[in-house]
Amino acid sequence: MRQNLALKKWRSGQPSIGGWLSLGSVHIAEMLTHAGFDWLVVDLQHGLTDYTDLTRMLPAISTTDTTPIVRVTENRPAEIYKVLDVGAMGVIVPMVNNRAEAVAAVAATKYPPEGNRSFGPIRGALYGGPNYAAEANDQIACIVMVETAEGLENVDAIVSTPGLAGVYVGPSDLALALGLPPRGDTDEPRHVAAVERIRDACKAHEVPVGIHTGGLDYTRRRLAQGFDFVTLGGDAALLMQIVTRDLAAAKEAAAQR
Amino acid sequence: MRQNLALKKWRSGQPSIGGWLSLGSVHIAEMLTHAGFDWLVVDLQHGLTDYTDLTRMLPAISTTDTTPIVRVTENRPAEIYKVLDVGAMGVIVPMVNNRAEAVAAVAATKYPPEGNRSFGPIRGALYGGPNYAAEANDQIACIVMVETAEGLENVDAIVSTPGLAGVYVGPSDLALALGLPPRGDTDEPRHVAAVERIRDACKAHEVPVGIHTGGLDYTRRRLAQGFDFVTLGGDAALLMQIVTRDLAAAKEAAAQR
Amino acid sequence: MRQNLALKKWRSGQPSIGGWLSLGSVHIAEMLTHAGFDWLVVDLQHGLTDYTDLTRMLPAISTTDTTPIVRVTENRPAEIYKVLDVGAMGVIVPMVNNRAEAVAAVAATKYPPEGNRSFGPIRGALYGGPNYAAEANDQIACIVMVETAEGLENVDAIVSTPGLAGVYVGPSDLALALGLPPRGDTDEPRHVAAVERIRDACKAHEVPVGIHTGGLDYTRRRLAQGFDFVTLGGDAALLMQIVTRDLAAAKEAAAQR
Amino acid sequence: MRQNLALKKWRSGQPSIGGWLSLGSVHIAEMLTHAGFDWLVVDLQHGLTDYTDLTRMLPAISTTDTTPIVRVTENRPAEIYKVLDVGAMGVIVPMVNNRAEAVAAVAATKYPPEGNRSFGPIRGALYGGPNYAAEANDQIACIVMVETAEGLENVDAIVSTPGLAGVYVGPSDLALALGLPPRGDTDEPRHVAAVERIRDACKAHEVPVGIHTGGLDYTRRRLAQGFDFVTLGGDAALLMQIVTRDLAAAKEAAAQR
Amino acid sequence: MRQNLALKKWRSGQPSIGGWLSLGSVHIAEMLTHAGFDWLVVDLQHGLTDYTDLTRMLPAISTTDTTPIVRVTENRPAEIYKVLDVGAMGVIVPMVNNRAEAVAAVAATKYPPEGNRSFGPIRGALYGGPNYAAEANDQIACIVMVETAEGLENVDAIVSTPGLAGVYVGPSDLALALGLPPRGDTDEPRHVAAVERIRDACKAHEVPVGIHTGGLDYTRRRLAQGFDFVTLGGDAALLMQIVTRDLAAAKEAAAQR
Amino acid sequence: MRQNLALKKWRSGQPSIGGWLSLGSVHIAEMLTHAGFDWLVVDLQHGLTDYTDLTRMLPAISTTDTTPIVRVTENRPAEIYKVLDVGAMGVIVPMVNNRAEAVAAVAATKYPPEGNRSFGPIRGALYGGPNYAAEANDQIACIVMVETAEGLENVDAIVSTPGLAGVYVGPSDLALALGLPPRGDTDEPRHVAAVERIRDACKAHEVPVGIHTGGLDYTRRRLAQGFDFVTLGGDAALLMQIVTRDLAAAKEAAAQR
């Protein structure tokens, strides 16, 4: 079976950079995979993307070695099964609040007896290649998000769940959980402390830890803070960064004529 | 009927800035219209976009006052009719080689007796509003592209076609027509001369002239050169500009850890 | 091969009633076929519908015996071939101006040696059933529209084209051709005369003649005038008739509270 | 942030009229919003519509000031989050049986600390405008349906749930709950009594109350009965009303020839 | 209301053959229904198919008398309601572990008072025909899958659930449940015993029992073993059987030239 | 730029085997590319496939080294440009009747000065890789079909067109052109003679020649007859071969019980 290259990096302690696909666009998926991201996340939770889009985006990501990961809508086994069947090499499960939820998420990513994943990897086995059934439990990554007040409280119990491939910090929801405005790239002391607490718990339990950012500045900071996998930004957000800046400049040039 | 605000700017000599939609994405169309472009072009010629996408993108553009324009696949009346019926306020017709082709393009955008457009503006009249049938011939903009060797030769005959709303320069095809590599943002003297020749012909005949660019730098230059409407860049190109630059920086930061 | 029931009615002089699908909706196609129309036209010319929609609408129409017909975008053989391949039992070809164009339209609907249709009825033969290749030339209906000034002038030459299954009047374009506003349901004398001229030419040449209407009132009139097949109205138009009327009444009731 | 105009009417006691979109059609959504409904509901529960359709229908509704609301499939937080992220200004949650379920529905529509909505309003903030994060909890409407036997029993506990924006009566399911055939527009005494009971509970707790109808007749009656927001009918149902009636008349006219 | 012909066969003890649609293709659905399968299952669980595809595939299946069935993603009432609303005549519910889950599955397929199905059969009633509301509880088939370790343990309690139309064996998941590799067409003694145990429980309780196979060989065996309804294979699997075999032969022929 | 591996085989005289995609299915495209075809043709002419499908199928084909080719609807430059822009490495142009049409087809596949292709390879350059603009004229294959009576007459003039990468025989249309029923896999003497005439003309002019077949038997024969590239069959046809055969056998087994 095909190796999960992102997982390999995480396991070996090498930092990696990922992209985030919110727009459901097949061609953006293919462009970003050619751009050289280590992994790309198709976001089914907050994005505009549905399962039908996913079935067309994953082949586009599969044109290179970039590892395809899916953030699912919620911690629901049937959805996790289905995104793995179509070829995701990992899932990010949002809003995990406690150990039981983390255990359930991990179980949904593994075939019995280690878990309860149902068998039918219609595209997963095509992409994954020979021996998928036997090796998938080892190659498929289950990543849970710690981002709620309850999750923060249970952070040690969550991150020490056996079989977990990584933990992902959602800094905007974390801000809301702390009673702050939902900004993820922030120096607010309570937010900084919460992020550090999650990171430290992961380090203590030797679990790779990742985080979302809004762009290059915080990507650099998060790498410097020891995060193992960092999202440079989403397609929609990055596009609007350049459009906002360059359109303002162009309009100014037009106005001055 | 709704005024064609882009056309109004062109007619009044005010420079304007447009965006270019190559990705067929409804949400990018809506984001860019909110970003404040004067006009947005849905590209059916080279983009990944088909008519079905167009029917979903135009409502998204219609959430603001940005003027929706469509570059059609070719100079074919039935296609021009259909994109107008679905609510485009103008068309850009590629590869117009001579006066006869320009006349045909204009005719396809106007109802008899001024042209041969067939009646059935199923979404056009919904978006355009009352009196569409009577006023569309005046509000719908027909723009032709001069970008081939033959077109360059016939530039005066083309740009003086009655009823033309504007001329758009495709600098990449123009480069190929001159025996140069297909770069549009270039200082190559023959290319510069050809661009000037088209611009000057338009100025002489008092026809608004626009041009495609690859980004802010050439947008500024083209405005300074007197172009009336300038495309800041396409969605795919702008996204890849920022991704390429920021991903390289992020990877460097990761490598240095 | 399956009989073309609409064509059978036309050939036997029985009047028939059709519906018009402009919205590209699979479920509306299925609802209207269950409602009992003799034939349904999927409009690729002015509607919002593209070929992809057509491939999904035709199976829905095939759940009853209603005859599926497609109005193509233009008189182009490759498009006519493709809509027949996917299971249309007839085409309506818009804006036919003269005998040569009518001959070309007919030829595109028939396999050699009678025409030039290319072989590959991927869904047509599935729906049409055994012996499709041998019988399609007889069962597939080619209908041309007479609606332009030039077409009106050449009406006798057009309607007497061998192999033609019927003639369809587009009264809105006809109005434009006469220098009138594009209203189809009208008593304007010149319009009445033009409609009669087409109808009489068809009667003289024993060709079934049909016409578009905006609703029940003109459907009744056109039947009384001897038209063989009459379109009761389009899905979009009928829906807006009832919505406009009933919403106004409902708002009035709300206002009076 | 953009005001929720439907909610404003409900809060101020002004009756309002809505439409219901069951067909998943972008263009019908746009036509009905132009027709002047106060609010339009995209039905994900019983309609043919999926999330992908919703992402294309909401921009079409956003071309006017009509308030877009979504009836979700079920009372599941992840689904509620996602339809709000894409720009719904309210949700109708079906089959709410008791106070706990109503509390859960409300919580899913509000960011912490008032609820548990996750942050990521990718299109919601684009459509909602500046200050979305801070004001959404006040502008987003959570409406629950009382339509089951258990719900009817707990009607007071449900309608008094804090943060509820309204209650919607599903009269067909209510009929089934009472052991009646699933007709919503009915004078059956037990049905009348149940509808009154829900309405009165809402009035007692000063919660706006709405109801579904099958057309103009019952819309008028429900307004007269004091309902605050009334659905005139669904796109599919209204279209079939006029088609059934007019096609029968047209066929009769054809038969009489 | 239309009879459920598959259910009729099962009830009368006639063996029947079904097909499995994993590819979400409208045209494959139509081809296979014309091929003469007694029933066709659209797989929402492991296939590439989403609800949007389903809405387009069901009309294609409705062009013949083949009975349309849907395997849902999971045992969730809202999903079961929605696939029935769009016209499925039965559901296969995966991974049913115990009596309570079987009872819940059955309840979701029946209107009150027998169950809790919500009313709104937008396409179901169109396809099902007159009297759908009254007869659907009898014509809609609820089939549960016994395929997990827990399900196997509770097999008698599950298959004796009132209102159950049938039981379907998923032999791959069953293999995993037994600690075997996920092969369904197998002679492994423990697997054989488990399959027999389920079959015998069904026979004892007079519930029709079906099973999945990978092709003709095991279809024959399962029929001989007394299974009432047997799946010949999935579209993807059957296509790859012939492609793998014939492409190898063709390449050999090419190599020998 | 990426090498066109199919073209390389043809140029070096190595026979190759292709597949034919008529169903517009992304997953079938991906399955067949993994199956090991040398090249795959997406059929836009007779299949159910439209440009939108193509944009999703090409990434799926790009997951391996199989060469993607598109049969266009007709010999129309704008369509040829657009399928190349989206990443086809070659086109098959149907119904080429004479030298002028062959010259036009070739010109549409090459940038000036060798042809008239317009520049904008939005996905083509992503897939093709560095130096696409400079090398595409050499790597993109233009293949024309000889299949009409007129084409057969002009076969030498057609196949000797400079820049042609190959000739493809459409044996069904060829049969119609000869006054025979549209069967491609046939021993009818006139058909045999016509196929040989085209093959011999290609051999004389040293142009690779390919042909369509209905399955393995004729694939072997055509290879033995010296054809350079042979289509084993289409997805729809191959699937129905196995389904028809195995379903009949399964039904027989069921009937015998």
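Letters are used for the chains, namely A, B, C, D, E and F, taken in the order the chains are written, and counting of residues starts over at 1 for each.
By our rule, contacts are C-beta pairs under 8 Å (C-beta built on N, C-alpha and C of every residue); 3 or more make two chains touch, one makes a residue touch a chain.
All of these numbers come straight from a predicted model, not from anything done at the bench.
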So which chains count as neighbours of both chain C and chain D? B, E
At the interface of chain C with chain E, does the proportion of residue numbers present on both copies reach over half, so same, or stay under half, so different? same
Interface copy of C-D among E-F, A-E or B-D, with over half of contact pairs matching by residue number, is E-F
Centroid-based (C-alpha) most distant chain relative to chain E: B
Chain A-chain B separation of Cα centroids, rounded to whole Å: 38
When the C-alpha atoms of chain B and chain E are each averaged to a single point, how far apart are the two points in Å? 52
Per-residue overlap in chain D, given as positions that touch at least 2 other chains: 24, 27, 31, 48, 50, 52, 55, 76, 122-123, 236
Can you name every chain pair that touches? A-B, A-D, A-E, A-F, B-C, B-D, B-F, C-D, C-E, C-F, D-E, E-F
In their shared complex, chain B is touched by residues of chain C numbered 22, 24, 45-48, 50, 52-53, 73-74, 76, 94-95, 147-149, 170, 172-173, 175-177, 179, 181-182, 236
Can you list the chain D residues touching chain C in their complex? 15-17, 19, 23-25, 27-28, 31-32, 35-37, 48, 215-216, 219-220, 223-224, 230, 232-233, 235-236, 238-244, 246-247, 249-251, 253-254, 257
Mind pulling up the chain F residues that touch chain A in the complex? 26-27, 30-31, 34, 55-56, 59-60, 62-63, 122-123, 126-127
Which of the residues in chain F end up touching chain B in this complex? 50-52, 55, 76-79, 81-82, 85-86, 111-113, 116, 118-123, 133-134
